[in-house]
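For reference, chains read A, B, C and D in written order, and residue numbers begin at 1 within each chain.
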Amino acid sequence: MVKVGILGAAGYTGGELIRLLINHPQAEIVFANSESNAGNKVYDVHEGLMGDTELEFTSEMPFDQVDVVFFCFGHGKSEAFLKEHNIPANVKIIDMAQDFRIKGNHDYVYGLPEIHKEEIAKCQHLANPGCFATCIQLGLLPLAKAGLLTNDIAVNAITGSTGAGQKPSATTHFSWRDNNFSVYKLFTHQHLHEICQTLNELKPAEAPHVVDTLDEGYEAKGITVDFIPYRGDFARGIFCTEVVTLNACPVESDITALYKSFYEEAAFTHYSDKALDLKQVVNTNKGLVHVEVFGKKVVITSMIDNLLKGAVGQAVQNMNIMFGLDEKAGLNLKASAF
Amino acid sequence: MVKVGILGAAGYTGGELIRLLINHPQAEIVFANSESNAGNKVYDVHEGLMGDTELEFTSEMPFDQVDVVFFCFGHGKSEAFLKEHNIPANVKIIDMAQDFRIKGNHDYVYGLPEIHKEEIAKCQHLANPGCFATCIQLGLLPLAKAGLLTNDIAVNAITGSTGAGQKPSATTHFSWRDNNFSVYKLFTHQHLHEICQTLNELKPAEAPHVVDTLDEGYEAKGITVDFIPYRGDFARGIFCTEVVTLNACPVESDITALYKSFYEEAAFTHYSDKALDLKQVVNTNKGLVHVEVFGKKVVITSMIDNLLKGAVGQAVQNMNIMFGLDEKAGLNLKASAF
Amino acid sequence: MVKVGILGAAGYTGGELIRLLINHPQAEIVFANSESNAGNKVYDVHEGLMGDTELEFTSEMPFDQVDVVFFCFGHGKSEAFLKEHNIPANVKIIDMAQDFRIKGNHDYVYGLPEIHKEEIAKCQHLANPGCFATCIQLGLLPLAKAGLLTNDIAVNAITGSTGAGQKPSATTHFSWRDNNFSVYKLFTHQHLHEICQTLNELKPAEAPHVVDTLDEGYEAKGITVDFIPYRGDFARGIFCTEVVTLNACPVESDITALYKSFYEEAAFTHYSDKALDLKQVVNTNKGLVHVEVFGKKVVITSMIDNLLKGAVGQAVQNMNIMFGLDEKAGLNLKASAF
Amino acid sequence: MVKVGILGAAGYTGGELIRLLINHPQAEIVFANSESNAGNKVYDVHEGLMGDTELEFTSEMPFDQVDVVFFCFGHGKSEAFLKEHNIPANVKIIDMAQDFRIKGNHDYVYGLPEIHKEEIAKCQHLANPGCFATCIQLGLLPLAKAGLLTNDIAVNAITGSTGAGQKPSATTHFSWRDNNFSVYKLFTHQHLHEICQTLNELKPAEAPHVVDTLDEGYEAKGITVDFIPYRGDFARGIFCTEVVTLNACPVESDITALYKSFYEEAAFTHYSDKALDLKQVVNTNKGLVHVEVFGKKVVITSMIDNLLKGAVGQAVQNMNIMFGLDEKAGLNLKASAF
């Protein structure tokens, strides 16, 4: 049994992680840390856990009793936490935040199993990808690897309200969001960093560099991912379209073959011959991808559950790989469907 | 033209009042007071007003320039405000809060036009009824007046999220409320006070006293209104069922005739021969009522838009009556329907 | 491994049953029958199954290869089917429809595990309870058994749209149902039959008979369950309140102790000390119950997922009991929560 | 008073037209035709009309008693109707369908008041624009006229369920659509025809021709509008983003000045300096537009209510212009906001 500690256990991702791990056949939760909820039952905070577990939040962090720690903090807090606390070297870390997703002066592996399975299996520290970043990358990876990303890429992605976290705000107020729709962070969403990092890592040398529109003077430096994020009036999921303009009109069956082949071995990401809808992935750890071709344009739809494949589902998938378990252990979830 | 001042103009009811008054043919807004938003356009705060008005919030309160002031404060602030400010005697007041709904040491008239039209026409100060209170009373008034409320009354009423106001909270978080359902303030909702006041006022002397379940020792004092409020996952409206047990099995047509006759002259409340659904009243100032009989039980469904007939729509209706205008002026609203 | 056949596999309950059984550790689907979809993948019809199974619908019914058959027909078709088809005597039948819920000239056991576990364990043929019926009974059983149902019972229950089945209709049109609310089958819902049957079966001899308001002349024959069903604007779940008037004011802690004790051994039904909301049970097989007392009135809230505890989740629970498996096998579901 | 006849009065647009016209100060409905509903009250079919009008559907079509007829048929039926019926030459026609939107062997004027006000004022027959077409054109018109549409245009537009009409179907089933998201008619939506017609009409001669991706061999013939339509899980409204790539990086203030100037005189279309959300237009006849610039890319958000500015609201606006009335008569609607 993999012994697990959870930091930030009272937030949305913390709750979803607990929901997964209490049914995981080869993992057990040793502690679920939350200063402000210490002593309360986890089911007092997290929907759907009553009757499943009597686990309580704790203010303690007994790192010596665990094999792995999940950081379910908000962004920017992981690095600060590590400066103030000493986690034993043998304890693996899976960080849900964006602090270590960009390569730098650290040993965190970017945990996208579709392309990094071997590094993940060997790593001690893992940076779990962002939700939008996961969904968009699943749509673009096959074309990137094939060197077909040669012009600006148009990405439109709609997220559910759980992507905005647990803290109530004006844009998550039911009265406002219900039956509403809006955009935010046009062309400047922070997930562009990790998306561009992957695309450049994966592309053949001769393919043009992908720059993100957050960089100053980006226009002169390469092709761009033009990402428009939308706030949808649903709770779970990310639905994404990516339009890639090739240099010449492709044969549609070549493109679909490329995608099928790329995801053939993937545990949770599947290519669909038919058009998709978001609820096919809700409450599962799946990524689904579908492609159509119009002239030079390849139009991809990709979709995930933002809290699962876009967060803790993928984190548990990564944990499974890191500990040599079946990649799907604890992740054969019944889709909610409705 | 009736000259209007609005206090608390940046809240939900303030916004809805502005949406009504900018199209009112015989009223004009002189000031819309909001300390924290002073200088901002009202359309910066309130959806749907861009292009309709360039009105700005002000921190001033020029009472000498208006005929009537609407108090759109939260509950409990009206009385405090009046102690600290001097409103000229000739300026009428319409208070949206519950501060003066219960009769006492004040001259506020309870503004339910279906039963108090004459007093409203003559009054200087008006207490506008609560949203649940309006909807529930519309369901019960004909039976109360006929002396048929002789046993405990079962009331179930579902409210939209706008009933909880503008401030974000855990129970108005979209992620929580979307596709969710819950109860609150079981048998203890504060609107019971005004409901019971009206029912006792209206009933024949021989009919039993109606006590509210908030009163200590209520069981020994009369019949009760057993009110269960629910939080619905929609934004606007209140849908209510009232089950009244008579002393004997009535003839259904007698009961429907009673209701039709009672609301024959009402400007906005109508009896329907067919079963109803909530969206028939959404974004209108209407109350709709339908009745069916089973044995000794009379089952009423009543429904209103909580922000209109349950708040500022009724307030404008009251203003129209107070100033001798057509009762429906400014209130012939296109239903949103969808 | 229990070998399973499914009839009516292309409907809502059929799909949900497949979603459950593909992850059940001790059951396998031998055939999923649907005439009109024969040859299609189940994931072409049912959301969320892509990547989980390559199972196809079949027009065949090889009863000799299965241990149990689930009838997922619409109501009224089970009896007709059995007249036209010969199911071997050793094959168990679990019928989702209402055809055999009322005792009569048949050997079907009413499958409510909270009270009939022993009969279920021994039975060959099982009638799975209705969704509303399950939820309402969970709220009333402890009081019924204690002989406390001595006056008319007020039941209000709100159902999600999946309760109306897969066939599109006016009242399941998104444009109509979104943000809408309505009642239907006031006092006359067909589930009253099975509810009353159970309550009378469970009550002490001296407690009054419970009649349903569908019976002619019911007023003269006993106490009634006054059931108002509502159409909610959510997809999954039933939220119910039951108000029971006792003959005297009880001590609240006595009532809660009664409930806790009654459900102590139940695998999926739990008493909660705190107020509940619907999403605590959505996408799980749980029933949750909470009680508050006001004077002589006991107010219960009970809730289930209509497709799981209200349909196929309970059916699988019954299958587990019938085959001597762990009652919870295949039913440790991750709550969708959002 | 303009005397109005309505054909197809029992559908969604027919209902919305009735909701508008009963409050129109200078128009009156002479007949509302619906064969299948003849004799029924319009409020029996259309939400929100109870108490507002006792109008009944009729199977008759007394064209000699009206000044104008609205065709609220489904697409393709207008032309057939005109072949079989004789409408007097003096009766104006406003057709909601797409039958006459493309110029050809007919005298119908394309009724987009933002650019065709003079032709509309003089016309006898009017083709009312499509909902997506209106919203997308409002986003692109200023750039088209300025000759800045010189590269392919990326359009993403999300529509509410009322866009799919009144007939229940799989993709408007509440259980499916609630909290769901999907695309349809990728790059091939039929509104591309009218959009391209307008853009080519408006563009300077030297700007490239706009072709639609429905045309065979379109890649070789000019620039394209790459339109991805999405099904949103809300009832009313269209939210659209348009990304236009200029030949050089513009100054943002030049672009916003272009838009402000273009819509300065428009009765219902407004430029907003701030980011927008859909509910700002819901239940109004407004179009709202906002622009941001990133490098060479101009990102426009445009939005309308699909049933109003996208259908009958614009039709009434056109009627007002055709009859010399105030363009806004009957269209000063209270936004529903929530």
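Brief remarks follow.
Heads up, the rule we're going with is that a residue touches a chain if its C-beta (ideal position, glycine included) is under 8 Å from a C-beta of that chain, and two chains touch if they have at least 3 such contacts.
Note that this is a predicted model, so its numbers are computed, not measured.
Note on connectivity: the fewest chain-to-chain touch steps from chain A to chain D number 1.
The chain with its Cα centre farthest from the Cα centre of chain A is B. Between the CA-based centres of chain A and chain C the separation comes to 36 Å, rounded to the whole angstrom. Inter-chain centre distance (chain A to chain B, centres taken as mean C-alpha positions): 46 Å. Residue positions of chain A with contacts to 2 or more other chains are 12, 47, 160-162, 175-176, 178-179, 233-236, 277, 279, 282, 338.
Only residues 152, 154, 156, 158, 160, 175-176, 178-184, 186-187, 213, 218-219, 224, 226, 228, 230, 232-237, 239, 241, 243, 245, 249, 275-279, 282, 292, 294-297, 299, 301, 303, 338 of chain A touch chain D when the two sit together in their complex.
Across the complex, chain B meets chain D through its residues 12, 15-16, 19-20, 23, 44, 46-52, 160-162, 178-179, 235-236, 268, 270, 272, 274, 277, 279-284, 286, 288, 307, 332-338.
Chain C contributes residues 12, 47, 160-162, 164, 166, 168-170, 172-179, 233-235 to its touches with chain D in the complex.
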